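Both of the next two complexes hold chain A, though its partner changes from chain B to chain C.
Right, the complex of A and B next:
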């Protein structure tokens, strides 16, 4: 995919001075190694950000904060570099209709794991922003790609609302949205599912089970409603995918005398299926 | 506040062209303290110190709102202030050294792997090394920064605990290791105005005085980020230390251990976390503690970790908090009058916070019997609970050496003590798989 791809959307312009269009750009840098998580511009009310430059400053800061794995090679052996990219100018519409089969296939082939976009709002009193809120979509590209191939029923889209119940109010969007471990869980799910499709069953199992544990924590934090149900469905999907990875490994001569043989495909992650960690 | 060590010892070090050129420790078991700077290409530590802290330069990421020169100044100032704060905090442990590294080429950041590999060989077996580094993103007046902490022990000694179930020698010995020895800390925000104020606070509070009297007129200890920090600690009396500087004032400085007043730590609570890691390394170092009781150091460690958690919350840095719980668990597990139940609870917390780390899950699994009624290794229920936990750990990292090691120990014990309700009907086959996997990993 080259250059911007624009989809006109009637009635989508409720934000500051930006065109009435949802724009998808090719934000994956050519020659970049590893996997990518793409952070798009949110739809923003004037109370959230007074103008586009202010919003972009906040998104750049959010990218820095979310990109905690930047020094991962100095912390522990990793699956490969995961790059966070703030895609300036990219603004998917909230329901993500732009992510059609063709675009998702392109993203999948470019090793994009997650697309993040959403909407933000706030209250302003005395010129000071307070009570920031957001609705953020996480699209797990490999899962959506598999759904498009009719391999799975789950669409790979999770929508989370911030702040969560009980969280202290803040006017700082970076503070509001910085949940690195949530992203770790989604990245591991996306990477694990991609590895499963590509026959790397040990890599798939490890990532899917890591993801199951982390998504269980997200699920436990949510108090109910659609988001909790989506998180539960994603965790269940991830555990089932881990079971498929394990079953496939047991039938694959590369793994038949290895430690994967110790695990049970009916309960591959041992405990995460029940929604809890150890 | 304990004394920092009496007289009878001295540290001499001269700085030459920004590198540590010499360190002579007086003979005897008394504690030593030293501070220095060195280039990243030739990192140095103090071989005689029980614990070394190395501060790597905070590197900056490109920003549209600040030019290269400004970014470098911010990074250098933070690094220099971190070293001072770390030094004054760690003096209470005794026998410590701190080195600040600087970049000769700002376009090639200091590589923590290379630094640790080079300096760990100079750390005496059993003594500790901790490294802190970070990255910075500047946007207008806002400075976003994230620190990373990593530690190791000289002589390639591992941080581990022996978990014995049943009578020693005839029971089941399992081995617990830490979830990680390198962790990202929660990102923080600070303004450039805050940095100015902190630097001013340092100037006011860290003054070099002619005598050990806070009423005596003092000369501020200047922070010159772009210059090597040129100071030698030649004596310590109580919480006062005597500096000799080649470029600045010489005299006595009060090293406060009541760190709550220190402005930088208010904005960077990870410095308290780093201090606690240094304390953990110190209390277990081969060079014994002098002048301070292990229980006192453990108290400092606990309070510093708790302060960090309170400052950032458990969700912002779950792996760091998982590690801190495990470190506290290790301390309790190994202390003379062990509190195994409390330690096991901390290890369980560690596993819950980092379910994606195999060692964290394994540690929770093997210490789990202290949270249950039975600790009898021959009890099939006990074996099954441990086995479940270890297999959950194996699922997140199928080739993890710690997990495979413990599975081999468990299956070997279970095979030697047959039960009417065996945990697996094909125990011999599973044991063969585990042994083959371990052998393959060693090749």
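Right, the complex of A and C next:
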């Protein structure tokens, strides 16, 4: 039976499912006092979230869990923590074309480490959401900034799908997106590379080596295709960057009497406090 | 009596012996006078002055007073109109500045507002420069606006940006300096080359651990490196013919 109410409801659902016009906002960041990971609004199907307020509640819950409810596996910087910020209303297009050179420089200089956005879907059975799925883009801002400076050919954008292979299905998006350690690996990589450019070579080395190990797990999990190749390229990049961090530390008088002097430049992550490697 | 008559006779005889004679001389003088050119006719002004007689100075004073009064009134009118225009500009620019600063402003809105500000020309330089002090999208949009403004009024933009870079009252953070340096290069401010060269020296001193009294904040090594790279780029751009 199709009444006007049903049609209106279906219309509202259809409109919510439409890809919204891309929007980039002046999101709040930690600025000079720390580092920021920005969570944008995902494109959502009506099965995933019945309306925008529900989606925003879920994103706020995700932000809280990521920011407060778990211990990240990156080495904490002494000059400010890594903060997760949900940027309400920001919705980049899936291919991330808005992140041009100007915007990336702006984000980089605001100490933004990662921009996260994507799309979410689910199955609904008996009015209950199950089998939530997501395709999430991770833009590693410092890596993209380095690419814009022609320091690397790596684009710094990884697209991963969730749930990961073998993971139990869930209808909870917070559980779906907060559980994987992928984000920890990407934060460590972005933080490490940013620290390298900022001259904090010990922080850089520790995080880059740690990220190498975490990204190796992502790489091993992926079955193939572009995502696996991108993860492999990122792992290689962070290992090379770790070598640069160690070489720079050995040439810097501030680190002449520290433990970094004991590490081997040919294999910078072997023996470092962070470990690393696949 | 006889003596006087003798003397008169003597004079007459002397005159009678003059050659040419007195009569002839008189005739020549009269002929020369008749042949002399006539004086040119008097101009209208002179005739008018002659006609006005003693009233002429009073009339001239009145005319001068009228001209001076008209000139002063015109200048005052112009100044008032300029003030009114600036007031109107300020009110209109305020709207765009509020759009740029709105908490939920998106990138398109911020950039569009900066472009509209740039359209006001020279009066928009200071508001845009102030916006360039912000980090985030506002600062980037303001930089873009300044570069657009330099397309229409490069002299004014280059003059203000050069002075801003010379300012040592820590008015700008390092990101503001980055935007100023880049804008100088992109806007073709060739007159700013000596200032940029001195600024490069100051950056080198700061990077070597010297006193960094350039910025409102304290850039990390990476910030100084970005600034140094941007100064080099701008100097290279300005060196091109």
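The working rule: the second predicted complex is superposed on the first by the 232 of 278 C-alpha atoms of A that agree within 3 Å, B and C clash if a C-alpha of one lies under 4 Å from a C-alpha of the other, contacts with A are read in each partner's own complex, and residues count from 1 in each chain.
Rule of thumb we're sticking to: contacts are C-beta pairs under 8 Å (C-beta built on N, C-alpha and C of every residue); 3 or more make two chains touch, one makes a residue touch a chain.
In this text, all values refer to a predicted model and were calculated from it rather than measured experimentally.
Set side by side, chain B and chain C differ in how many residues of chain A they touch, and the one touching more is B. In the superposed model, A:209 lies in contact with chain B only, and not with chain C. After overlaying the two complexes on the shared chain, residue contacts for A:223 are found with neither chain B nor chain C.
Using the contact criterion defined above for the overlaid structures, shared-chain residue A:259 touches chain B, although it does not reach chain C. Using the contact criterion defined above for the overlaid structures, shared-chain residue A:106 touches chain C, although it does not reach chain B. Using the contact criterion defined above for the overlaid structures, shared-chain residue A:198 touches chain C, although it does not reach chain B. Residues 57, 60-61, 64-65, 68-71, 73-76, 174, 178-181, 184-185, 188, 202, 205-206, 209-211, 213-214, 216-217, 242, 257-264, 268-272, 277-278 of chain A are the ones touching chain B in the complex. Chain C meets chain A in the complex at residues 103-107, 110, 135-140, 144, 175, 178, 217, 220-223, 225-226. Note for the complex: chain B touches chain A at residues 61, 63-65, 111-113, 133, 135, 137, 139-140, 142, 144, 146, 148, 150, 180, 182-184, 187, 189, 315-316, 318, 348, 351-352, 355-356, 361, 364-365, 388-389, 391-392, 394-399, 404, 407, 430, 433-434, 436-437, 440. Put simply, chain A touches chain C in their complex at residues 23-26, 29, 31-32, 89, 98, 102-103, 105-106, 109-110, 194, 197-199.
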